[in-house]
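Shared chain: subunit A. Partners: subunit B in the first complex, subunit C in the second.
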Partner chain A sequence: MRRTLSLWPLALLLALASAPIAIMYLFLLVDTVTNAPPGSAIPNALTLAHWRFLVDPRVTGDVWRPTVTTLLFTASIVAIVLVVSSTGGYALSRLNVPFRRFLLAGVLVMHAFPLVTLIIGVFLVLQFVGLYNTLTGVILVKAALMLPFGIWIMKGFYDTVPWEIEMAGVQDGASRFTVWRRLVLPQVKPGLFALALFAAIDAWGEYMLPRILAPSSDFQVLSTYLNAVSDPDSTTYNFNLFKSVGLFYMLPILALYAIFRERLTNIFGGGTKG
Partner chain B sequence: MRLTICDFTKTFDRTTVIKDMNLVVEDGEMLALLGPSGCGKSTTLFAVAGIHRVDGGAILFGKRDVSHLPSQKRNVGVVFQNYALYPHMTVFDNIAFPLTIRREGKADIDRKVRAIAELAHIGDLLARRPSQLSGGQQQRVALARALVRQPDVLLLDEPLANLDARLRLEMRSEIRRIQMETGITSILVTHDQVEAMSMCDRIAIMDQGAIRQVATPSEMYRQPASRFVAGFLGNPPIVFLDGEVTGDGGFASRGVSLPLPGRLRHLEAGRPISLGIRPEHVGTSGGARVSGQVVFVEPQGRETLFDIELEGGAILRSIQPAGDDARVGDRVDWAVDSDRLLVFDRHGNAV
Partner chain C sequence: MPFQRYLLGLGFLSPALLVLAGLFLMPVALTGIIAFTNMSISTGVSGGAHVITGNLLTGLRDDGVEPAALDRLAETVFEVTPEALARARAAGVDPAFVADIEERLVGRRFTDGRAFERELKGLPHRPRAIRDLKVAADLFGASILNTRFADAAAARQAVVGVLPDAPEATVDRIVAASYTGWQWTTGNFARLLSSPDTLRLIVNTVFYVAATLSFTVFVGLFLAIGTFYLPPATAGVFSVLWLLPRLTPVVLYAVMWKWFTWEGGFVYTAAEALGLPAFNYMKGSVPTAWTIVILVNGFIGASFSMILFSSALKAIPIQQLWASEVDGASRWQQVRYIVLPQLRWPILFVVSYQTLSLLSSYQEIWLTTNGGPGRTTSVWALESFNTALNNYTGDLQYGLGAAMAVMLVVVGVTLSVIYLRLFRFDDLVGRPKIEF
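For the complex of A and B:
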């Protein structure tokens, strides 16, 4: 009884503080299925017209191509980040690689640089290898920028796996690779999982890199597509339509959060369940 | 299978931890590697297992030189101090793991796992995860996993260190029973002398990377080869008195004089020696006598431990069946079994 009472003021404060955001999201949702008279925020008619862009390419151009591209973009980045981080993190955690300390420090320093400071260098490199203005180039750069974080996270998870487990596996006759795959990897699964989720969310929301590194290419990801839709000078400009596309864009991320909420809180809480 | 360690040398980053070590473990024997912390027990064990590279010398299983074989090809079963069970697998899968690596048939695996689980008394735990087991049960699983593929050699690195006192007693006899039933040549690493003495056929005492003595437990206790061995074995520990041989075949030191054991009466007078006196040889029976003052009494239940200060300031220890005969401050005159005294020369070697 006491506890719930004392929680009241806190709950009230939180509710007040998050009210603007909650109201904004509410309107975002409501506006996508309603029409309001000019000059008013209160809707007066239900409509599905704002969602027509899903089936009618004439509204804002085909939305499904950017969607597929974004899915591909996200999946490739997640795959690259997972593969490199799970192997690189293991190497840094266990193997006596030369210049280990130097590598670890280097990885951290990489992570500390903001994107803008690197962008000119990245641009030059992409130009040089001929990947400028291509999806592959953007994927590689985005994945590379995420790797320091991924490798560090995975190294931390590998560090908690006892050395003896690997030695026991080797004694049991397994090769180092089998030991890694069957004995070590299952134990860093929560880490891989969290990393995959972070990478997916990050890649899904990426806007800058496609804009800068592939400005005139023939592919679009959803973020650049959304940007095009939101252009007030365009002939198809419609604020409610913009909101609908925005919501459409958000849905996969919301779904990810909803499905994996339990696991995510586990990871953030650092909780290992016995 | 007989295990031979021949002139084994191990160096970590230029510091030599073990130099020219020789040790033979007979077929079917269980040998304890006993020694203080940091003396190189685990290093030796891991070299036999193939985890550490051998920097010099050879390790032979039977007649086969395995010194340069990788762990996977040695067929050694290892039980680690923290058991190193695979937490994401059931007990069954843990024990079956070495067999699945060898790609044995499903029926074969099932039969072997159940047989070894039966032997280790964990037949009804096969569906559980390691985290759902008690320490003793985890220990049994680790043992079963090490034994299931019938290794040539079984290595146990302080297998009982993580158990509480009662379980330790139980697992002590269990490990020994399972080892005897399977007849696998084994090395047990421990720094607990009671474990070493109660579980093993022979003990090898190590100190600073070298083997000091290899003998059966009782032989090692009664006839230690050096002062170090005598001091390491025995609880409560032995007491040493430094002095010299007197003309009449006795020993004198700081106001204490005792006759030497019969077989050592011939030692030349004036030779500096030290005398080792075990607590159980002071007190109730024996030919010689010492007198002093009780300065410390420690009741241990069945027995009582006394420290007595002799006239010259030397302290002797005595352990006797419990009774309330002496208190702190009492003057006592107790018997010493002089025939069982241990005598060491200046360098600490037994005379």
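For the complex of A and C:
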């Protein structure tokens, strides 16, 4: 009993430090369904008016097209990252590759590489190959930027697979490819799943690449859509509306978070450690 | 055969190598190359042409090129050539009048517009209106000004045509200056070294990284150790809450901070109710803008370090803590002598990793204060990005931006190499056990 009592000041301090986050996320939920009188943050009326943008494209423009585009964008990136990381990570973990140390160090350095250096070069590469202002170009770039992380994570997971499994497979006459495909890949399923989850959340939230690499194109993803909607000079200047659009945008992430909380914590904490 | 041993590995690696070479290594190399050019939106990305403009002549005059020669370049020359006659006919000038000009003036050249017009007035089929006459006269005028020449030779020929007796060096200078494409230069670095803005940006960046990093480490430590001592249910609430900033899409995160700190927002309303100064904290003053920049990034960082520290704390054998309590250690002594030593490597990792990522991060600043008020909260990475790719005036200077980015990379790579040594890279890269 005395122990719990003495912890109260600690809990209070923690609550104080967390207050900004708690307030921001609480009001993110509350403000989307309420109205507050001017000059106060405390709501006094329930309303569904802020969600009208879902059915009425006159409010903020059609929201469903960007949603579909974002889904497509995210799914493509996850697919590319999974395929390329699972083969690349395996090669670096288990196969004979020339300059292996150098490649691994390269992957690590790339992972920490300043994006701002890349973005200028990427911009020019896309212009040269004609993928500037296209969804394909943005998808490729985003996937490429995630690859060093993906390869590094997958290498870590392959490293934990016992060598005996592969040796047994080879002994029984399977090729290295079959061994990888049928024996090793099932062993690293948790890794693939974690990487997919991470890549999906990262791609879903991506804003800068579509904005810079496809500024005048006819597609929008939800991040650029939200940014356009929440422009302070817009006629619909209303944070309750901005938050409704934002919450709609974040719902899939919140859903993933609710289902896979434990695993997400591991990825976001231990994952980057490699 | 040694190569065959590598075949399978290379096969597995090739998709990754292909993508990384095209969209990682090539951009980096390009950035390094562009840093030594004056490439900008006006020079274009591919090659350019040669154009002599009025501005160019003014610039050359300031640089000490002989003014008389430049004046002659700016002049309009009227020359009766077969091409000019055809042009006049096509433009609908009275054919009889054109025939007159062809008959009497072909081959003649006038450097003065009035003299040419006087000659035209003397012709039998001249138009009645003076305006028509002037229109016809203009069709024979040609100026080297604002004419596009596809290559240096064509530009040179045209300049020599106007200035037959100019010295070789002057012509060379004019032709070189008239090039509109990008050129090799080390001027970007010279400009960065001499600009007073550079020092201010460096100070800003160091301050930003140091302050945000301290916030990240200390708040992360506090949260991790705090939740470590709390009962699991209460601790769970905090860890749920603190993961959110890292999961939230950056645009929404920025919108939430705007709501929190702008006029009519939460802090504003609260300050007003308490009688404290209420204004747009994100844009209204330099200290509040810095505070917000540091908090916006610090919350994400603290979320990252808290998880890392918490998982390291879980590895402490609980018996050690019990033993220390039996020996009469206070909570503070426990933290100081058991918990913190356990966190030495995670803290070092957070410091090194976050230094790198903060040095190159600008998305959050871009979406919140965007370096304002003025450029007081701008950092190196944001300035580089704005210079090269995101500029209100549309004057995108790829070369200068790339030079700034290259300097960031030099710092970043130096730090990475140090960190790799620190973290005993060799342990991470054991050799494969099956060699075929």
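What we mean here is this: the second predicted complex is superposed on the first by the 248 of 274 C-alpha atoms of A that agree within 3 Å, B and C clash if a C-alpha of one lies under 4 Å from a C-alpha of the other, contacts with A are read in each partner's own complex, and residues count from 1 in each chain.
Just so we're on the same page, a contact is a pair of C-beta atoms (placed from the backbone, for glycine too) under 8 Å apart; a residue touches a chain by one contact, two chains touch by 3 or more.
Predicted model only: the values in this text are computed from it and were never measured.
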Dominant toucher of subunit A (residue count), subunit B or subunit C: C
Which superposed partner A:S216 touches (first subunit B, second subunit C, both, neither): neither
First, second, both or neither for A:N44, with subunit B first and subunit C second: neither
Touching partner for A:A11 - first (subunit B), second (subunit C), both, neither: second
Subunit B versus subunit C as contact partner of A:M167, first or second or both or neither: both
Partner chain(s) touched by A:I120 [first = subunit B, second = subunit C, both, neither]: second
Subunit B versus subunit C as contact partner of A:Y249, first or second or both or neither: second
Subunit B versus subunit C as contact partner of A:G205, first or second or both or neither: second
Where subunit A meets both subunit C and subunit B, residue numbers: 167, 170, 274
Footprint of subunit B on subunit A - complex, ascending: 162, 164-165, 167-175, 178, 183, 186-187, 274
Touch list for subunit A against partner subunit C, complex: 4, 7, 10-11, 13-14, 17-18, 20-25, 27-28, 38-41, 80, 83-85, 87-88, 90-98, 100-101, 103-105, 108-110, 112-125, 127-128, 140-141, 143-145, 147-148, 151, 159, 163, 166-167, 170, 176-177, 180, 201, 204-205, 207-208, 212, 222-224, 226-227, 230, 232, 239, 242-243, 246, 249-250, 253, 257, 261, 264-266, 268-270, 272-274
Parts of subunit B lying in touch with subunit A, wherever the complex brings them together: 49-51, 70-72, 76-78, 80-82, 84-88, 97-98, 101-102, 131, 145-146, 149
Residue numbers on subunit C that touch subunit A, as the complex places them: 5-6, 8-13, 15-17, 19-20, 22-24, 26-31, 34, 45, 219, 222-223, 226-227, 229-231, 234, 238-252, 255-260, 264-266, 269-270, 272, 295, 299, 303-304, 307-308, 310-311, 349, 353, 356-357, 359-360, 362-363, 367, 381, 384-385, 388-390, 398, 401-402, 405-406, 408-409, 412-413, 416, 420, 425, 428-436
